[in-house]
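Order as written gives the chain letters A, B and C; numbering starts at 1 within each chain.
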């Protein structure tokens, strides 16, 4: 049969970021997919040699617009680890509030993009509408909607007043009710099931072998969640990893739906358990220069991210590496695309929640 | 109303009515999605702007084909209202759609090609129904022209309720509404960029829009065939059906082409086939 | 699987028809800023001592400051509004305004440079406190 090659990307409505998949099609069936990356490499990691370590956090944040808080937090936590800085209690709790808010906004963004991929415009609008409320909370508490610049080595820059925290918990509870209605659509709509159920099945064994992380792995029945390590203060919260057994596109949607609900609950726990009282210290003054190296793991909305930092006793770091979740998920995605219809390709690509900016940095 | 006057009236008024309907569609769709939305006349502004813009032609054969698409679409309506045999008009209708497929297939872009192939599937899904529908209408009324059907004492909708139902289903495909907007859609189309209109720009795209307005008006004329005892009732039913289409469009995702083909054929066979069979068996 | 004719989204869509839209006609109708928003850095030349601290700490190298020439330049297009300069300024000459920078169609107006959003101050001699000059 005659084969056609469809260049999906670097600019294509389904792709929020530049990734190229040259799809080799027989009729509308994909027989092979050849990925090309490298369109959005900015050399951010190499900038540690030019930017002082105290300011590098702002660069790390700009690795990606969706995971920006987590990247900033990961960088600062790594430096704190090297320098042995004890972060004030309040700052640790606040970081978790923002981290979980980031997860909610990232998943809502993704649920919107995902529904756009299967042609459900109305659902897309509603997911993004809810995301705007999270962004409003971000803007009110950090001053930015996408790039927060609120992390700093030794703590955080801004405090959230107790009354404001209670307000955030209340807003999230109300948001949760509206989210339940949208989640019901994802779970019950027959046309969504037609597009997602049984598409792009990744069995648990293959997910493990391909090194899938985050919601992608959890949708295949692997209970991997870096938050379970209890680092960064997650040991003070009660939660179970969200696991689905299906391994198909629908399971990956369901995992993220439940993670939004989980994160809303986590923020409620954080607000309840946080030591009360305004005016607590939120920052430890950092003196001296870092020397040594560290690994740091964090659970980003898209999965596990690993940072490696090496300092040499000067104000410029020697090495900064980030192994981002999308990079770990791409091999599994490529294997999934083969054998599916062209119409399934956007769903499969999107259900790994690709973040090419993170991958290429 | 003489045939010629009807034909001229269709050619002049159909794009206005169709454009207004599409404008209303966009306002209602926006409100259903919780958006403010564009003004009612936005489709006219869009087409006006497209006509002004420079048209990048990938293949010079596209423009005559798209003009043909527009002309044949207008001609179909003119022929229906002009008093030509209804069965003949179906083939002109198919010819109009074919011109669009050829225009989309005349460029080298794989997205246009895939869109063109899917449009062929859409034709495969809908054309048999239109032939069956018009044949059934002619059979129960004993007339073969639009005026003849209107003059017939038989209330078509009462005789052919199954065919009417199937028509409303097939109209979703023809109006490029979700879940059946596989070849091209009004919203961003995620698999095929913009489906079969991917490589059309400027006035070429304007022709496609205009032809779609004619097509929408033509579907209204087809609904009127069913309500031949009262034309206003027919138009009201069409508007109601269109409103339901908008609601369905905003409540479903896009189906895959196999489902579109299978469900169109299933509905055509079950509802209209069964209906026609019943009419033949029971006699009139 | 659920009933193929059930459309769970349709109820929401119908309710939206009578509800107020969530969007607004943006350029005509602007949402009020949040008080703590980081919109743009504002420079007050009357208090600046040209210590150069902000320029050295700026991660984006958006500030040029010279003690000898008593000049200060802020490139709003380079600025990432991180707020580091505002924090390090001992004289509180720099502040963060919640009003965002206006959008520009052109980044670099001329081929050879000349950024349109570059604001410069040159002070021949130190003015009395409160009397702003330059720009």
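Just so we're on the same page, a contact is a pair of C-beta atoms (placed from the backbone, for glycine too) under 8 Å apart; a residue touches a chain by one contact, two chains touch by 3 or more.
None of the values given here were measured: they were computed from a predicted structure.
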Query - Between A-C and B-C, the pair joined by more C-beta contacts - result: A-C
Query raised in the report: With chain centres set to the mean of the C-alpha atoms, which chain is at the far end from chain A?
Result: B
Report task. Give me the ID of the chain with the smallest distance between its Cα centroid and the all-protein Cα centroid. Result -> A
**Report entry** Centre-of-Cα separation between chain B and chain A, whole angstrom
**Finding:** 44
Query - Where chain B and chain C are represented by their mean Cα positions, the distance between them in whole Å - result: 50
Query raised in the report: Using CA atom averages as chain centres, what separation in Å is found between chain A and chain C?
Result: 27
Report summary line: Note: chain B residues in touch with at least two other chains are 32-35, 250-252
Report summary line: Two or more other chains are touched by the chain A residues 120, 122-123, 126, 129, 189
**Report entry** Numbers and ranges of chain C residues touching at least 2 other chains
**Finding:** 7-9, 13, 22
Report summary line: chain A residues touching chain B in their complex are 4-7, 12-14, 25, 28, 115-123, 125-126, 129, 189, 191-192, 194-195, 341-346
Query raised in the report: Tell me, which parts of chain A touch chain C in their complex?
Result: 51-52, 54-56, 58-59, 62, 120, 122-123, 126, 129, 132, 136, 139-144, 147, 149, 157-158, 181-182, 184-185, 188-190, 193, 197
Report summary line: The answer for chain B against chain C in the complex is residues 28, 30-37, 247-248, 250-252
**Report entry** For the chain C and chain A complex, residues of the former touching the latter
**Finding:** 1-9, 12-13, 22, 34-38, 57-60, 80-84, 87, 96
Report summary line: Listed in rising order, the residues of chain B that touch chain A in the complex are 32-35, 110-111, 113-114, 117, 178-179, 181-182, 185, 187-193, 250-257, 259
